[in-house]
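In the two complexes below, subunit A is the common chain; its partner is subunit B in one and subunit C in the other.
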Partner chain A sequence: MKRLELWLYIAQRASALVLAPLVLLHLGVILYAVAGGLSASEILGRTRSTWMWPAAYGLFVVAAAVHAAIGLRVVLREWTSWRDRSLDLATLGIGLVLLLLGLRAVQAIA
Partner chain B sequence: MRNHPSYRAFLVHRLSGIALALFLPAHLIVLGLALETAMLDGFLDWAAQPAVKAAETILVILLALHLFGGLRLLAIELLPWSDRQKDWIGWAAAAALAVGAGFVVRSFA
Partner chain C sequence: MAGMLKVEIWRGTEEGRYETYEVPSQPSQTVLDLVTFVQRKLDPSLAYRFACRVGVCGSCAMTVNDTPRWTCRTHVQKVVERGRVRIAPLRNLPIVKDLATDMVPFFDKGQEAKGRFIPSDAAATSVAEISPEDPKRKEADAAIECIGCAVCYAACDVVSWRPEYLGPAALNRAWTLVSDARDSDRIGHLQAVADDAGCHACHGHQNCVEHCPVGINPTRSISGLKRLVLMAAVRGRL
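Moving on, here comes the complex of A and B:
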């Protein structure tokens, strides 16, 4: 296995281990918050109540950006003929776009 | 092989992952609207309609399927072999559907 593939494999599993408890928390919050309808004041009242929400969501978006980008690369390599260096650059680009959108969202709810 | 439960689990994990990755940018852009509270409220009002709630329910189920299916994969890769592994696909699917049912119930609460 090439060195890059090994590191991406490890990063995919490590990000999955970080994401698992955060997704469980996310699903819990969704089920809690959806009752009675959603509003900006209700969402922001919660996320701005303590620094721990922005911290958790910050970790969430970093792990999700890594996990989604590597996951899409795996799918594209296996289901298409796209395998050269440009795929690695596209993976990096997808990860960076998700990271920037994610950090902007965290900034907005912090 | 394609009728084997493990292959179907692989396919569900892969397709749910693709769907979630495609949805994620839209989700993050909408959350970015929280900088303008009125815009976020406008979106949330739009998202309260039944068709959007139905789409959200599917997304919640996909997220739960990817989570529980992913936990199964991590357990298979990282933990010692267990005879119960063959039951985990069913448990993962049941847990995801339970979350989806919970979302529907809570949406009408």
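Moving on, here comes the complex of A and C:
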């Protein structure tokens, strides 16, 4: 792909923009759930009451999969001698695994 | 005379060792003075490089007590540690011999980054009028005084991790050209720095800023390039 590195850079910055507020939301949810002593069924009752929770976490999962995979690729390229096509495929694999695991979790709360 | 200094100097190429020399301490002595004393009085086989001795030519940069510096403008008093000064060649460049590095990769990257002015006319028919107050001119002026000493290149960790990375000096030069209203190939300059080894490889550590002897901020220049390249890419101009 032409200018692959540049587009990966853009994808990583764009996903970071999405992640920043969602991470804060996620931390807020954790604090709220723990402080309030909500049970698992109470939490599920709330997440299943509206499409917005699965949508927010679905977006979170997509952004995290993109962001983490690209970031890991940069680290590997700089700290190891792994540079060729196989690294790109491995990056894609890591992204897909994160995406699948994350979407399964979202499905469970939807 | 405040006694003797122990000066440890790298001898050899990639393989080598530090040799220790005793050099008399003098007021206002520079690190380059130490090296010159050793070469003239103690060991004429020592190889090093310098030219102007006044911080203009960018030839004499070395690693002094683990920090890249221009040696002609570095006072010994500023860097000496318990009577010792350790001098090595610049990092991230091949060593020719002793303190002299091969600067070819550094200068080649200046060309790879298309760090040269592209005029709009083969023969100038008029003089471009550019106000010194013009914001773009100010951007270029802030970055233009580079002396090509490679201190930033030696200080940069990204260069050490990715040897193909163009480095702070070359990218800074490219930034002065895209900020120059007289240059006619803005997109060409951006294309040259948009590659894998270009501006987006910069982590923004600012080691270059910290060490630049003439006070340039290459990280800022590189950030400017990142922004312009990103906008050009999104608009499909690259």
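As a working rule, the second predicted complex is superposed on the first by the 105 of 110 C-alpha atoms of A that agree within 3 Å, B and C clash if a C-alpha of one lies under 4 Å from a C-alpha of the other, contacts with A are read in each partner's own complex, and residues count from 1 in each chain.
The criterion applied here is as follows: a contact is a pair of C-beta atoms (placed from the backbone, for glycine too) under 8 Å apart; a residue touches a chain by one contact, two chains touch by 3 or more.
Small disclaimer: the values here were computed from a predicted structure and weren't measured.
Peer 1: Is it subunit B or subunit C that touches the larger share of residues in subunit A?
Peer 2: The partner with more contacted residues on subunit A is B.
Peer 1: Now for A:3: first (subunit B), second (subunit C), both, or neither, which partner does it touch?
Peer 2: In the superposition, A:3 touches subunit C alone.
Peer 1: When the two structures are overlaid on chain A, which partner does A:77 contact: first (subunit B), second (subunit C), both, or neither?
Peer 2: Only subunit C; A:77 stays clear of subunit B.
Peer 1: By the touch definition at the top of the document, which applies to A:31: first (subunit B), second (subunit C), both, or neither?
Peer 2: Once the two structures are laid over each other on A, A:31 reaches subunit B alone.
Peer 1: Scan A:14 for contacts with subunit B and subunit C and give back first, second, both or neither.
Peer 2: Neither partner.
Peer 1: Of the partners subunit B and subunit C, which touch A:40 in the superposed model: first, second, both, neither?
Peer 2: first
Peer 1: Just checking: does A:55 make contact with subunit B only, subunit C only, both, or neither of them? Give me first, second, both or neither.
Peer 2: neither
Peer 1: Which subunit A residues are contacted by subunit C in one complex and by subunit B in the other?
Peer 2: Dual-contact residues (subunit A): 13.
Peer 1: For subunit A, which residues count as touching subunit B in their complex?
Peer 2: Against subunit B, the touching part of subunit A is residues 13, 16-17, 19-20, 23-24, 26-27, 30-32, 34-41, 43-44, 61, 64, 68, 71-72, 75, 97-98, 101-102, 104-105, 107-109.
Peer 1: In the complex, go through subunit C and note every residue touching subunit A.
Peer 2: Against subunit A, the touching part of subunit C is residues 158, 161-162, 194-196, 200-201, 229-230, 233-234, 238.
Peer 1: Give the list of subunit B residues in touch with subunit A in this complex.
Peer 2: These residues of subunit B touch subunit A: 14, 17-18, 20-21, 24-25, 28-29, 31-35, 37-38, 40-41, 44, 47-48, 60, 63-64, 67, 70-71, 74, 77-78, 99, 102-103, 106-107, 109.
Peer 1: List the residues on subunit A that touch subunit C in their complex, please.
Peer 2: Those in contact with subunit C are residues 3-7, 9-10, 13, 77-79.
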